[in-house]
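Several structures are given next for inspection.
Both complexes shown next keep subunit A, but they swap its partner, so subunit B is in the first and subunit C is in the second.
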Partner chain A sequence: MKIAQFQDIHRAYKKGVDVLAGVSFGVGPGEIVALLGRNGAGKTTLIRIAMGMMEAQTGSVRVFGLDPRKDAVEVKRRVGYVSEDQILPPFLKVSQVVELHRGLFPTWDDDLARRLGARFAIDPEAKIKTLSKGQARQVALLCAVAHRPELLILDEPAGGLDPAARREFLETSIRLLNESGTSILFSSHYMSDVERMADRVVMLEGGRVLIDSALDDLRESYSLALITAGPEVTRERLLGLAGCLAVRQRAGSLHAIFQLDPEEAREVLDSALGIGDMRTTSIALEEMFIELLGGHGVEATGGPP
Partner chain B sequence: MKLLAAIRRDDALRWLPLWISAGAGVALLLSGLYAYRAYGDPASGPATLTLVLWCAVAPYLAFGQVRRRCSRFDLALPLSSRRLWLAHIAAVLLAGAMVLAVSAALVVSISGLSGRFQGLPEPRLDALHLAVHLAVGLGLAVAVLEAARPTLAEIPIDRGRVLFTVASLGGILGMLWLLSALPLFWALGPLGLALALGLRTYRSLPPAFSLVPLAADPGPAVARRSVERDWAAAVTGRRAAWRRNLDLVRWVAGGPIAWFAYPMIFFAGMLIADLLRAWTGEPDMTVQNLLMAIYVLLTFSGLMTARLPLFDPLPVSRRLLLAALVLPNLAALILGYGAGRIAVAALDEPRDLVEMAEWKEGYFVRVPARYLEIAWDGRPPELGAPWGEGLEPMLFPLYRGGRAGLYSPFPVSAGSSPELWAFQIRRAVEAVYGRSIPEAEIRERYLEVDGEGRVVPRGEGLTLLADHPGLEPRDTGPAFPVVLLLVVSSWLLLFSIVLRSYRADIGDRARLGVFWGLVALVFAIMGLHLALAVTDVVEPWVTRGFLEIAIRHLGESWHGTLAAWLASALALLGGFLVALASFQRTELPARLVLKKGLLDLTGGSS
Partner chain C sequence: MQLHIVPGGELPIYRQIMHQITDAIAGGRLSRGDKLPSQRDLAEQLVISPLTVKKAYDELEREGVIETRRGRGTFIDAAAEAVDPARQRRRLRGDVRRLLIQAHLAGVPLADVRRLLSEVAKEIQAERRGV
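Right after this comes the complex of A and B.
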């Protein structure tokens, strides 16, 4: 059974302009799923729907088999949630925030809370409004994980944090995950974080799921070819090749993204265009993100299957 | 030019139409008080007008962006803090002056209109005194409120600041009251104080404002504190669920706004308990008071929703969150009502409720409006004595030209016989006190016939209380549940509409439009009722009479009283459930904007 299951989710903020236009995917037990997409792709909307804080106009969402809107309290008791725009009550002391969470989550682990609190070195008597952004986020993480949730939902959790704080945040999340087998659904714009944490990547574009693939498969089945441009080797011809998703021109060379492993891409290029002067490599996730979501190649080829 | 541009950009001028409307609303509410004082005691008119106008501008000074000296945008520009501060002061003074001008025009025109309709002379108004006093008050308020934390771009809001603001504005209200009794040159004192304070603040401004204050040195003791030990102490024991829920209520419905909200709601509760009538003798503000209570409840409960997003991700039911918003406000209203009833009981002196009052060329039997009756079809029945003498009572319509109206069930006229007078007075005494006095005694003791054959009171008139010790008015009926039903169900229904606008597909602007639009609607109804009263289209005492008669009838039997309480309880529950149904569908944004540019209603930022 899936921990969270989205089925054909639609949601619009303005009539006729869908932010989500039929999103379907699931998060399995113990799985870490990264939700990727450009700004406005609907990641936060989807996460808020999973939390029961928004509702889908059509489609169904189930978290632990429950409707997060109708069974909001039950679902939230089993979920840990940290979001970039989440604000802890600024007028409360850290200890009061922790006390509030202890009372609301039956599975609260005092020992874990104490360990995390000491590790983050935050004064429990400090008011939230006096903390730095990183410290406030650490308090939010403490509250989100100390009840040992079955599902941890992180919406741009490291947004605005410096690299050291971000690393600390992610390492804590991963370690806790290893301890208790928690599933994680998280969105991030930091591809290095995604590569470090995620088992699976779900990429949203135009309100739909563009890619839903295990990270390892993604690394193996996509490649970048660096080709010297010439009269016979043009952007248009490359885009016409099987598996070519996007082509970008840089000075005298062309960078082509293939949904093929590097060896297969080399064979396609060699057999179709007789190109010998080229280099094919596996592609970094960030490069793929930019090429697929930031370029125009997707539109030219209609996107990956 | 740079200064002018900075003034135009200043946050103090943002939402000025809202503040002008709010000031006008307060002025509209209090214009009745001014008219009452100006016509009743002309000497106190100017002082009352000054105080009324100060009350109109005070919300702007308390809640407006007076404490924000410059925006972050201005902070990044090559402008000195002194230039920015001068621009800010000019903007605040300009905005305050505009609120005062509109409010003054409104109060003076409404009270003048009211007097003209009643054929009264224009009240005395010394425009120079008024302008000087208000200008001095405004200047001193701005100087005092701006004196704190001169190094900061924005004075932080905390409990101390709220108390300081309330104390300053209240103190200046008292000062204006004193000044109004003194010659004009006395205003030079506070004017000098304002200038001195302003100059002191100006001279202590840094070259550039800071966004945040310098952190205080934690000191070696704090630095040495063991974080581990602190956390071990922080995470011990477990609070009972009810205490946790109480904390939630405190946190959801608390904060800076609560400091203003609960006293205001408490006061509104006192008003609907009829305090104003007992205090000033002015009996006809019932409808205004009920609307005022709805307005105050709607405004503050709406503003309190600002903290809801902080608790939305937590496993807290919407029912509990809504209860946290509704119950403290309801408790403040009920406590205010209770306090109001105690005050009314203390202020009300026993007086004869059945009187022979003079009217035109004769007298009539006067009883409080609650003892009249309603003729829904506009045709009161002819009320006569068993021997056949009688007459059709006069009708007081609910509004001019309307059919339904009130009539006295004890009608007499100048030409009525002494026997009919005694008959009707006996019936009136029975209706009001529940006791009977023989008609013969009434005829002999209280009535006589003058030279023109008219029945007139003998001696001091109907001195019933003095002559019949132990006369107690009958129970006037279950007013509390009826008032509660009217106010709370209206509030909750309007509040449910506000909550319905909390959807992700409804933008901040539209949501603000719904909230403030409904608040303005309640104000508009208050204004409409006042305008109709001033132009004699409605008689406030008749409107009040309709309500009181209904309450009296309910109280005549135990099942009527029970029905009133049941209906009130059901209306409360129904209103709560309607609001809850709306609240269940809300989609709260991460940060709820309810008053752009005003207080940070969440109580600070993380």
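Right after this comes the complex of A and C.
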């Protein structure tokens, strides 16, 4: 059974403007799934729907097979949640915030909370408002994981953190996953974190799932071809080739993404168009994000030659 | 043995792990019977998904390079000779190809590349003797 399952989720904020226009995917046991997309792609909306904080207009979401709206208490007890814009009560002490959460979760693990507290080295007597951004996020993480959730949902958890704090956050998440078999659903704009952590990547665009793939497959079966544009070599012709997913024009050259490995892409280009001047490479997630989601259609070809 | 992974590098992380382990066997830094870190420990050490480590170990086990003994851990099962030399050569071929393309683009003739190769090989030998 899937830990979380989204089925054909639709959600519009304004009538006729769909943020989510039929999104389906699942998170399996022990799996780490990264939710990617540009700002406004609907990642946070989707996460809020999973948390029962918002409702889908049509479609269904199940977490542990339960409905996050109808079985809100049960679902919340088994989920840990941290978001970038989460606000902890500023005038409470760290110890009071921890105590507050402790009371909410029957499965709270005092020993784990103590270990994390010691590891983060945050003064329990400090008021939340005196903490740095990184420390406040660590308190939020402690509160989100000390009940050993079966699913950890992180909405841009690393936003605004320095690289050391980010790494520490990831380490804590991995350790929790190891100890408790927790599944993780997270959204992030840090592609190096995603490359490091994710088993599977779900890329949202235009309210739909553009890509839902194991990260390793994405890395091994996609490639980027850089080609010099010419009268015979146009965006349209490339888009007509087998395996070509997207083409961007960048001043005089064309960037084409193929769902083929680099050697295969080279062969397709060579045999179809007889292109000699090109480079095909495997593609890191960051480039794939930019090529697939970074603006559509033909870009201005102006600028210095 | 220390593993070093590069997220977003040319190869997926599970392949980086596989290659570093087989390279270490071929180079004599790991030998039959040596114990590998547990999947969990390695995931925490490298700060990567435990399923990625599992995938690397599963593939290596399928290839007969490592062996998991229930309750005891994971061990190197292949002798250095057993690490398929043809396969190692195929992998190196890609690196050589990249090197030669770089040389070609930089206008460095093949004879100079050959000379460079033997110079660097000597350097490495000297370093290894020094250790």
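Just so we're on the same page, the second predicted complex is superposed on the first by the 278 of 305 C-alpha atoms of A that agree within 3 Å, B and C clash if a C-alpha of one lies under 4 Å from a C-alpha of the other, contacts with A are read in each partner's own complex, and residues count from 1 in each chain.
One rule holds for everything that comes next: contacts are C-beta pairs under 8 Å (C-beta built on N, C-alpha and C of every residue); 3 or more make two chains touch, one makes a residue touch a chain.
Worth saying up front: this structure is predicted, and the values here are computed from it rather than measured.
Trainee: With the two complexes overlaid on their shared chain, look at subunit A and say whether subunit B and subunit C clash or fit.
Mentor: With subunit A as the common anchor, subunit B and subunit C both fit in the superposed model.
Trainee: Just subunit B (first), just subunit C (second), both, or neither: which does A:I174 touch?
Mentor: In the superposition, A:I174 contacts subunit C only.
Trainee: Pick one for A:M54: touches subunit B only (first), subunit C only (second), both, or neither.
Mentor: first
Trainee: In degrees, to the nearest 10, note the angle that opens at the C-alpha centre of subunit A toward the centres of subunit B and subunit C.
Mentor: 150
Trainee: If you stack the two complexes on chain A, which partner ends up touching A:I128: first (subunit B), second (subunit C), both, or neither?
Mentor: first
Trainee: Who touches more of subunit A, subunit B or subunit C?
Mentor: B
Trainee: Where does A:K2 make contact in the superposed view: on subunit B (first), on subunit C (second), on both, or on neither?
Mentor: neither
Trainee: Which partner does A:R237 reach: the first (subunit B), the second (subunit C), both, or neither?
Mentor: neither
Trainee: A:E31 in the overlay: touching subunit B, subunit C, both, or neither? Say first, second, both or neither.
Mentor: After superposition on chain A, A:E31 lies in contact with subunit C alone.
Trainee: How far apart, in Å, are the nearest Cα atoms of subunit B and subunit C after the overlay?
Mentor: After superposing on chain A, subunit B and subunit C come no closer than 22 Å at C-alpha.
Trainee: Which positions of subunit A sit in both the subunit B and the subunit C interface?
Mentor: Looking at subunit A, the two contact sets are disjoint.
Trainee: Okay, in this complex, where on subunit A does subunit B touch?
Mentor: Touch residues, subunit A against subunit B: 12-14, 45, 48, 51, 53-55, 72-77, 81, 83, 85-92, 94-96, 98-105, 110, 113-114, 117-118, 121-125, 127-129, 131, 133, 136.
Trainee: Can you name the residues of subunit C that touch subunit A in the complex?
Mentor: Against subunit A, subunit C makes touches at 5, 7-15, 40, 43-44, 47-52, 55.
Trainee: Can you list the residues on subunit A that touch subunit C in the complex?
Mentor: Residue positions touching the partner: 30-32, 167, 170-171, 174-175, 177-178, 191-193, 195-199, 215-216, 219-220, 282, 284-286.
Trainee: If we count contacts the way the header does, which residues on subunit B are in touch with subunit A in the complex?
Mentor: Subunit B reaches subunit A through residues 225, 227-228, 230-236, 238-239, 241, 244, 247-248, 251, 254-255, 307, 309-318, 504-505, 585, 587-588, 590-591, 602-606.
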